[in-house]
Amino acid sequence: MELHVKPEHSSNTSAYPERARMLISCPDGPGIVAAVSRFLFDHEANIVQSDQYTMDPAGGMFFMRIEFDLPGLDDRLEQLKTEFAEIAGRFSMNWQIFQVSHKKRLAIFVSKEDHCLVELLWQWQAGDLDADIALVVSNHPDMKEYVESFGIPYHHIPVTAETKTEAERRQLEVIGNDIDVIILARYMQIISPAFIEHYRHRIINIHHSFLPAFVGGKPYAQAYARGVKIIGATAHYVTEELDGGPIIEQDVQRVSHRDDVNELKRIGRTIERVVLARAVKWHIEDRILVHQNKTVVFN
Amino acid sequence: MELHVKPEHSSNTSAYPERARMLISCPDGPGIVAAVSRFLFDHEANIVQSDQYTMDPAGGMFFMRIEFDLPGLDDRLEQLKTEFAEIAGRFSMNWQIFQVSHKKRLAIFVSKEDHCLVELLWQWQAGDLDADIALVVSNHPDMKEYVESFGIPYHHIPVTAETKTEAERRQLEVIGNDIDVIILARYMQIISPAFIEHYRHRIINIHHSFLPAFVGGKPYAQAYARGVKIIGATAHYVTEELDGGPIIEQDVQRVSHRDDVNELKRIGRTIERVVLARAVKWHIEDRILVHQNKTVVFN
Amino acid sequence: MELHVKPEHSSNTSAYPERARMLISCPDGPGIVAAVSRFLFDHEANIVQSDQYTMDPAGGMFFMRIEFDLPGLDDRLEQLKTEFAEIAGRFSMNWQIFQVSHKKRLAIFVSKEDHCLVELLWQWQAGDLDADIALVVSNHPDMKEYVESFGIPYHHIPVTAETKTEAERRQLEVIGNDIDVIILARYMQIISPAFIEHYRHRIINIHHSFLPAFVGGKPYAQAYARGVKIIGATAHYVTEELDGGPIIEQDVQRVSHRDDVNELKRIGRTIERVVLARAVKWHIEDRILVHQNKTVVFN
Amino acid sequence: MELHVKPEHSSNTSAYPERARMLISCPDGPGIVAAVSRFLFDHEANIVQSDQYTMDPAGGMFFMRIEFDLPGLDDRLEQLKTEFAEIAGRFSMNWQIFQVSHKKRLAIFVSKEDHCLVELLWQWQAGDLDADIALVVSNHPDMKEYVESFGIPYHHIPVTAETKTEAERRQLEVIGNDIDVIILARYMQIISPAFIEHYRHRIINIHHSFLPAFVGGKPYAQAYARGVKIIGATAHYVTEELDGGPIIEQDVQRVSHRDDVNELKRIGRTIERVVLARAVKWHIEDRILVHQNKTVVFN
C-alpha cells in the first residue's frame, strides 16, 4: 500500500554526492582554523559553509562545523580521515566526518498521541526531512496500519512495569545496529539508563512544556494551574535525568485565561510538532554539538 | 528642574470625563448580563466596551469588565454605586467601579538596575502611561537626581537585614494612604507578608525569568547554565510565596549558545521593560481580575 | 478504505446540543446590550460567552458575538429568531444565529501543493476542526486517492483559460446548495467575480506572503529578492480584488540571508498551514464579522 | 549638566585593546578560508569568532567576518593591512579591518518623535551601545536641552523646501569628516542623493512599517485601513529609492481590530525602538555586509 508516497518526494542529498560535513570540538588555541582549512585546501576540498564558536576566548572550548565538497569523496574519505587524525591529535579534537549522501537512519518511538509522528511522516514524504525512517516502535498497536501505508515497518512492543526490561531488549533487537538516531515522538515511557547509554546524544525527546518549567507529567495541566500566559515545547537529548538533557530547540505560543487544559493541549500540539521537526532536521544535518549539558547549534 | 517634562505630555483621561469602568466577579448564573446591562441602560449609561468570561459554564465563576459613559458621572457616581449594591448582593458579586478621569497613583520601588524605572518614566512622559507617578522609593541613592528631574519625589530608604522592619515602616509612611498600586521595578528586596497584606493584588513585580522556570535569584545565570534557547520575563502580583503570585504578563525572546550571561541580561532588560510596562498599563486601565492564584486579563 | 479515521475522532459539538451563537453588527447606540441580554434572559437562555466591540463610541459601528445555552433549542430556535427580528429591526441590525450542533460543511479547493489540505485533514481527523469536510475539488488528480482514503469525495475538475467558465459551472454543481464555506488551500486559480458573489465572505484563501507585501504571484521569490528578514502568510476572505480581501489572520517567522527561495518556501509551508487552520477554525466557530474591508475577530 | 551619565557606563571595547574585525566579500573560489586563516596564524593572530556564507557554491559570492586578537595590534595594524592587500588582490576581495577599541562615531538625526533617540541614548548610557554619540542633528529645537544634558552637542538646523540644499550643506558641515554612521531616528526629511552618496551604506533609517508593505508616509494609518493583524518596523540602509534600501532588521507585533491608529502608533514605537537599536548595534559591531540590495548579517 504505497498510497502516500507521492512522486514529488525526492532525495535532496543525491544532489550533493561529493559533499561532507565535519564537526569538531576541542580546547581553544591558536592555529586551529588555519590548520583545518589548510588541510582541506591541500586535499582540494572547497569549503561551502563554515561556522565556529569559542565559548570563552581565554582557555575555553572551540566548536566548528564545516561543509565542504571534495571531488571523488566516496573513494577518498577513508584516506582523508586517516590523514586528518594527525591534526586532530595535535589539537586534542573530538571530531566526526559525515557524508551528506549517506542518509541518516531514524527510528521513531510513539505511544498514543500521533501528531508528532504524523508531522515527521508528512515532512519526510514532502522531501523536507532528508533521512530514512527505518522503523516505528510503539507500545500501542493503534498506528500500525497508518505507518505501514507509508511502507515503513511498525513494531508493536507493549511495555508494562513488569515487562520493561524485556521490552527494551526487544526494542534494541528490532532497531538493530545501523540506526543513527531515535526520535521519541511523544513516547510516554521512561527509557532506562542502559538503553540511553547505547544511544548517548542520539535520542531526541519532545517535552510538552517550556523546560525547565513543568518537568515531569501533565505539563499542560501544570501550566493551566499556574496561569502562565505563554506555553511552549522543548526538544532535547535524553539523559538519565528526567527532562534534564541538553536542550536543542524550544518554541512558545501566547495563551490566555480563556484557554482551558484541552485548549492548551490543542495549541501545544502544533508547537510540539514544529519544535521536534526542527530538532530532528538539525540533527540529521549535523548541526548540533553537545558540550557538558548544553548544545551548540549551528543553524 | 522640569527639563524632562516635554509639552506633548497630555492626559488621555481628561478626554473622557464621564467614563467609568466596572469590574465584576461572581458565581455564574442566569441573568447577570441582563441585570447589569439593564441597570446601566436605566441610568442612561452607554456601554462602550464590555468583556466577559465564564470559567466553566456549569457552576463556575463569571468575570466581567464594562466601560461606559454616563452623563454627569461626577455627581451621580455615589448614587449609582448605592443602587448597584442591590444587584451585586443578589448575585454575590465582588465589584468595583472606577472613574477613568481619576488617575491611579503609582509608587515605584527600585534598587540599582534602572531600566524598568527609566521605561516607566519615558512612557509616562510620552503620555502612554495614564497615571500619576506619585513617588519613587529606593534602597539606594543613585537615581535621586534623575527622578527628581521629572519633578517626582525620591525617597532613599536603606534596607539591611537589621533595619528591614523599620525600613518598611518608613516606606509605608512615605507612601501614605492614597497610593493605588506599587510597582517593583527591579526592587531587589523581599517584601514582608505584613506589607503585602496592605496592598493585596496591588503590588506588581517584574521577575527576570519566564516563571515558573528559574524562581529566585540570578535567573539569567540559571538560564545560561541550563542552556535554554528562549529567555523571558514575568510580571506578577506579589504574594507571600516568592515569585509565586498571579501572573499578569510574560514575554520571551530567542537566544543562542553565543549569548553569555551578560548578553542574556542585556537582552532580558528589553523584555523586562516591555512586560512590566504592559502589566502596569493593564492594571491602571482596570483590565485585570484576580481569582485564586490566576489573572483574567481583558485586553 | 477507512484507514485514517481513527477512533478518537469525536464530535465536539455534540457535547453542546443546546448551544447557539449570535453575531450582530449595527450602528452603535444606547441600549443594545441591555435589549439583547434582556431578550435572551426572558427566553431562559444562559449567556456563556459574550464579546463586543464598538469601532468608535461616537456614532460608529457596534459588533457583538454571544454564545448562549437555551433548553430545547432545537424546537425553539425558529420562534426565537422570529421574536428577535423585532429587536433587530429597532437597532438596524445585521444578525445571524447559528446552532453549534449543526456542523458547518466545508468544500476544500486544492491544486498541486498539498500541505494546507493535509493539515486541515489532520486537524479534522484529530477532532480539532469541528466541521464536516463535504468534498475536495481540485484542478489536478494527484490527491484523489489520498483524500478518498478519508472517505471524502474528490472531484477532479481541470481548469484552462478556455474552460474556466465551464469549470466553475461544474464546481458550483458539485458543491451544491448546502456548503457553508469554501477553503482555498493553495488553490492556484483565480476565482471569477460571479463565483465570489455566490459565496460572499465565505471563501477563505491562504496567501503565501505577509500581505500587503508581495501581492500576486511567486511571493517567496519576491521576498528573497527584497531581502526581508521575516516572512509570513495571510488568510483572508476572497473578494474581486486579487489578494485584497478582508484579512482574517497572519503569522510570520524570522529568516536570514542563509535561506534561499526553496528554504523560504519550506519555512513558509508551516506558517501557511497554521494560519489557514486558525482562520478556518475561527470561521466555523462564528468568531468573524466583516465590516467594509476589515474583520472583527472575537477570539 | 552631566546629570544623566551614570557611573556604571563603561567602555566595553577597552576590555579588548588587541581585538580586530575583518569583513570580506569576494567571488567564491577554493582556498579563501585557508589563505586568510593561514595569514592570520602566521601573524600570531588568534581567531575568536568567524562566520562565513557562500551565496551559491557554484560561482556565487563569498562573505566572511573574522574577529581576532593580535598582540601589539595598535603598532602592527598598518603593516598587517599592507601585507593582507596581496591576498585580497589574489581573490578580488572587498575588505575592511576595524580595530574594536576604536569606537565608531555616530551622528543621530531626529525630528519631533523622540522615542528612538531616547532609546539609543538610554542604551548608550547603560553601556549597551558601544560607540560614541558625537552629535545630534534636528530640524526642530525640541530635544536640545534633553540631548545636551547628556553632554552631547545638539544642532538645530531647520529644513524647508526652499532651504533644503543649504540645510544639507550645513548638516554635512557640523558632521565633519570623522563620523562613521548616521542614524535617522525618526528623521522625517528625505535625504538627497548627493548626501546619500557621501555616506553610502552608512545611513541607517527606521521605517515604521513592515517593509515592503506600506512604503512612504503614514504607514500606521495605511496598516489600520488595510486591517492587518500584525504590524512591524524595518531598519534599513538609506538609498536613493525611498524605503527601498537594503533591509538590516525587522520585527513585528500582533494587533487586533481593537487597536485604532493611535494604538498602532503606540505599539509601533516600542517595535521601532527595538529594531533600530539592534540594527545600530550590529552596524557598530561590524556584523553587516551589503551585496547588491541585500544584507548579510552575521549575528
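The first chain written gets the first letter, and so on, giving A, B, C and D; residue counts start at 1 in each chain.
To be clear about the criterion, contacts are C-beta pairs under 8 Å (C-beta built on N, C-alpha and C of every residue); 3 or more make two chains touch, one makes a residue touch a chain.
Remember, it's a predicted structure, so these values are computed and weren't measured experimentally.
Visitor: When I count C-beta pairs in contact, which pair ends up with more: B-D or A-D?
Guide: Ranking B-D and A-D by C-beta contacts puts A-D first.
Visitor: Is the contact between copies subunit C and subunit D built from the same residues on both sides or from different ones, judged by whether over half of the numbers are shared?
Guide: Because over half of the interface numbers appear in both copies, subunit D and subunit C meet with the same residues.
Visitor: Going by the average position of its CA atoms, which chain sits the greatest distance from subunit D?
Guide: Relative to subunit D, the chain with the farthest C-alpha centre is C.
Visitor: Could you tell me the distance, in whole angstrom, between the mean C-alpha positions of subunit A and subunit D?
Guide: Comparing mean C-alpha positions, subunit D is 37 Å from subunit A.
Visitor: Averaged over CA atoms, how far is the centre of subunit C from the centre of subunit D? Could you give it in whole Å?
Guide: From the centre of subunit C to the centre of subunit D is 43 Å.
Visitor: Going by the contact rule already set, what residues in subunit B reach two or more other chains?
Guide: Subunit B, residues with two or more chain partners: 53.
Visitor: If you look only at subunit D, which of its residues touch subunit B in the complex?
Guide: Contact set of subunit D toward subunit B: 3-4, 6, 114-115, 118, 122, 126, 128, 142, 145-146, 149, 266, 269-270, 274.
Visitor: Report the residues of subunit B in contact with subunit C in the complex, numbered from low to high.
Guide: Contact set of subunit B toward subunit C: 29-35, 37-38, 40-41, 44-54, 57, 69, 254.
Visitor: Under the stated contact criterion, what part of subunit D meets subunit C in this complex?
Guide: Going by the criterion above, the answer is residues 53, 210-214, 226-230, 232, 246-252, 256-258, 293-297.
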